[in-house]
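Structure provided below as structure tokens; questions to follow.
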Amino acid sequence: MEAVPEKKRVTVDGQDYELVFGRPASLTSKPFTYCPGCNHGTIHRLVAEVIDELGIQHRCVGMASVGCSVFSYEFFDFDFISCAHGRALAVATGVKRVQPDTVVLSYQGDGDLAAIGTAETIHAANRGERITTIFVNNAIYGMTGGQMAPTTIIGQRTTTTPEGRDEHRIGWPIRMSEMLALLPGVAFVARTTCHDAKSILKTKVAIKKAFRAQLEDRGFSMVEILSNCNVNWRMTPQDAVNWVGEEMTKVFPPGTYKDVFAEDQEKARADAPSKTKAQSSEKTEV
Amino acid sequence: MPIGFIEILDDTCKGCLLCVAACPKSLLHQTKKKINKRGLYPVEFVDPEGKCNACRLCAIVCPDVAIRVYKQPRKPKTEQPAAAEAKAG
Amino acid sequence: MSAQRVFMKGNEAACEGAFRAGCKFFAGYPITPQNEVPEYMSKHIWDHGGTFIQSESEVAAINMLMGASAAGARAMTSSSSPGISLKQEGISYIAMSELPCVVMNVVRCGPGLGNIAPHQGDYFQATRGGGHGDYRTITLAPNSVQEMAQFVYLAFELADKWRNPALVLSDGTIGQMMEPVDFSEMPYVEPPDKSDWCLNAHQEGRERHLITTIYLLAEDMAPVHERLVKKYERIKKAEVRYTDYMSDDAEILIVAIGSPSRVARSAIKAGREEGLKLGLLRPITVWPFPYGVIRQYAESDRVKAIVVTEMNWGQMVEDVAMAVSGKKPVHFVPKHGGLTFTPEDMLEPIRAIRENPMNPETLWVQT
Amino acid sequence: MLLEEYIFAGFGGQGIMTIGQFAAYAGMIQGYDTAWIPSYGPESRGGTANCNVVISDDVIGSPHTHSPNGVIVMNAPSFDRFEPEVRKGGVLVVNTNLATQSSERSDIKAAYVPCADIALEVGNEILVSVVALGAFNALKKVVSDENMEQAIKWKIPQARKDLIDLNVRAYYAGKEYLEST
């Protein structure tokens, strides 16, 4: 299914046009195999765009986890390894420790990162591994057919919570970003959504910061991205993204939970008055 | 002359219609006129009045990178912002 | 005797063997009786330019190993039985990914938590793959502190040669005891260059490297399986290792590995003094298993019976019985619960076997 | 053929494991094959502890010994457990400060040493097992005193020269006590 190759410039009716939005170089030419409307594609593209902009494509090593994104290595154009369910961050730790020059990307879903891989997630974060994790939270197990996820919200129907998730039987949706923000090893953690163009652009900013945290050797970074699974939610793609924006964000509030860069700035600001004082006194002396 | 236009990759488009809702000028439609290799109805871009200003919103929300956006280069101004950007970077 | 001998614990000697083989990555989790391994590693691996991680679990440790190995390093982990069970998931993935690594099992008594005494209950697990799916791991069984070092050293070589996990199947006795070790046969080596397939940050101008274990289509998977099977067949032909002791004129052949094989040696000496013609066949690789040489003994007119001594309920004895193929009676002399053999524990049933080679007390009969 | 099999037993913390390693190391530098193995486990902290030492001029079979020809017992429970196991003609050293029993066997050579008293005289109670080892080796004489000194220097970090001296003095104090009685 090879598309017509991209042209940077075209001429229509004697008028020159420039390509201002195309396929990032860090993606292979293979079209995504995700369901129509699934945000995995959106998130893949954002990650690839960030990698392109940072110029790190040929330094990246990706961890493919288990879930719908198990074949993510088909779409990202750099070295990849597929990991056992939940173990991506342990594998990533091994890669990063042996090859510190690599930029390690771990791409995981909610079942992988927040259920079977909770221990690996928390401890990789706590060790402050220089790894960037993209956590795609769609509140359901997509690949296995719509079972309850650790992040399924109260009342949400899945094939294993047919009456809706009942917290007295199965507990509450787990908030990973808030939890990880408590760990000193974490440099950056944010929750964003992909339900409209504005939120998608915000997500990209967050992904970029997450990679910066790794490149600048600051610690573990993660972006939790609220995504949709319209097929298993039994909604149209548009209804599904609307549900993300209206319902999921109530349980999983978007925001930045840990940001060493912002902390740096704050510190700089706090130090600033004394500095300006010092500077001004110097000036008066001069 | 329109400021911009888009190209939809018919065989990549899965007809999820997220772009249709995203276009502020309502230039995208599901027509069901043609069917792609996946057996899905790709979205069609219809802009007879040249309203598209290459705002990219459709492409941003597209989960499949199925939309390419083309835009007229800005005339003399193009140099300056690009240079400023390079400096900032 | 060599002046270069150093006196150390089996678990520590294993680490020294690893350093000499160029091991640059170790991840592990505490469990008795292998704790000296992560302790020694954490102290010394940095001096060899390597990395040590005390992982959150054995599951994480083996997966860290997978990453380290995929990134091109010689990597090792160690554990004891319950921990090795947890590692089986990762070992399956590593085998399928055709990544080299070394896993050491200082076997204790199971099932469940069992106890921390030496045992050999993990023989099946080690020689039959151990995790899900169809695969094999090269498995070496040391019986001395010297061999702990030597076999770890060799395991790294074999793992890289075949791009397959290699196991060192030790036991609590060998791990915990101290003996003199001579490292003169284990020079420090630079690990082989793996940049033609490993994951690294130098991808410009080359095809990207993919390491995966998933092939959804059976027609994609079948050639992968075929390649693995062919590899295992080649390993079976090339890597069988064993050693023997006084077996040339033996009428009763003892087959044993690990610490029981040492007791067997004492038993053979004592037995020969009272006229029992005993000999020992000790497999060094338990996968691939030395079926051929055992078959030769079984076919010899001189050998009257074969005795397998194990600290378990009968595992290696099945391999021996398969090799013997009913040509001679196979007897099984076990020790349970983490108790260790004395030479007399072996000699007493052997005396009865000499009187009656079909002695039903110890005859291994598969129903 | 030389086959020496020892069991050293007492409370955890008395230095039982250490004197076992001294003996095995000394045997190694004397040119023998040696093996040392602890009875390891959770009980090794504070409870009873014992280790096995084998010294031989041939390849060592089992490192575990079930009929030792040399035993040190540092407390009463160890006496009860291991005194009957000593091989005929073997040696038994008893720390009389904690084990007040005496052996009724005539087929073994038993020595009774107030190890704790001697250790205190030398300077520190922690040397109690080293005193016993000195007495034990005065009876056994399998490895030389020089090699025992080497073993002490191998085991204790060079930075703790004071400790090395104390251990050596304790060893000889044990030896002299036995030779003087």
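Every chain is named by a letter (A, B, C and D) in the order it is written, and numbering of its residues begins at 1.
To be clear about the criterion, contacts are C-beta pairs under 8 Å (C-beta built on N, C-alpha and C of every residue); 3 or more make two chains touch, one makes a residue touch a chain.
For clarity, every value in this text was computed on a predicted model and none was experimentally measured.
J.: Would you kindly tell me how far, in whole Å, the mean C-alpha position of chain B lies from that of chain A?
T.: Each chain reduced to its C-alpha mean, chain A and chain B end up 24 Å apart.
J.: List the centre-to-centre spacing of chain B and chain C in whole Å, with centres computed as mean CA coordinates.
T.: Averaging C-alpha atoms per chain gives centres 61 Å apart.
J.: For chain B versus chain D, what separation do you get between their C-alpha means, in angstrom?
T.: 86
J.: Could you please state the distance in Å, as a whole number, between where the Cα atoms of chain A are centred and where those of chain D are centred?
T.: Inter-chain centre distance comes to 63 Å.
J.: Which residues belonging to chain C are in contact with no fewer than two other chains?
T.: Nothing qualifies.
J.: What are the residue numbers in chain B that touch two or more other chains?
T.: Residue numbers touching two or more other chains: none in chain B.
J.: Considering only which chains touch which, how would you classify the arrangement: line, ring, star, complete or other?
T.: Per interface graph, the chains form a line.
J.: Quick one: which chain pairs are touching?
T.: So the chains that touch one another pair up as A-B, A-C, C-D.
J.: Please give the residue numbers of chain A that touch chain C in the complex, ascending.
T.: Going through chain A, the ones touching chain C are 57-61, 64, 70-71, 73, 77-84, 87, 90-99, 101-103, 119-120, 122-123, 127.
J.: Name, in rising order, each residue of chain B that touches chain A in their complex.
T.: 1, 4-5, 9, 11-12, 14-18, 21-22, 37-38, 40, 54, 56-57, 59-73
J.: In their shared complex, at which residues does chain D touch chain C?
T.: So the residues of chain D touching chain C come out as 21, 24-25, 28, 31, 33-38, 40-42, 59-64, 66, 154.
J.: Using the touch rule from the top, collect the residues of chain C that touch chain D in their complex.
T.: Of all residues in chain C, those touching chain D are 1, 5, 7, 32-33, 115-117, 145, 172-173, 176-180, 259, 262-267, 269, 340-344.
J.: Please output the residues of chain A touching chain B within their complex, sorted ascending.
T.: Residues 1, 3-4, 6, 10, 12-13, 15-24, 27, 31-32, 34-42, 45, 196-197, 200-201, 236-238, 241 of chain A touch chain B in their complex.
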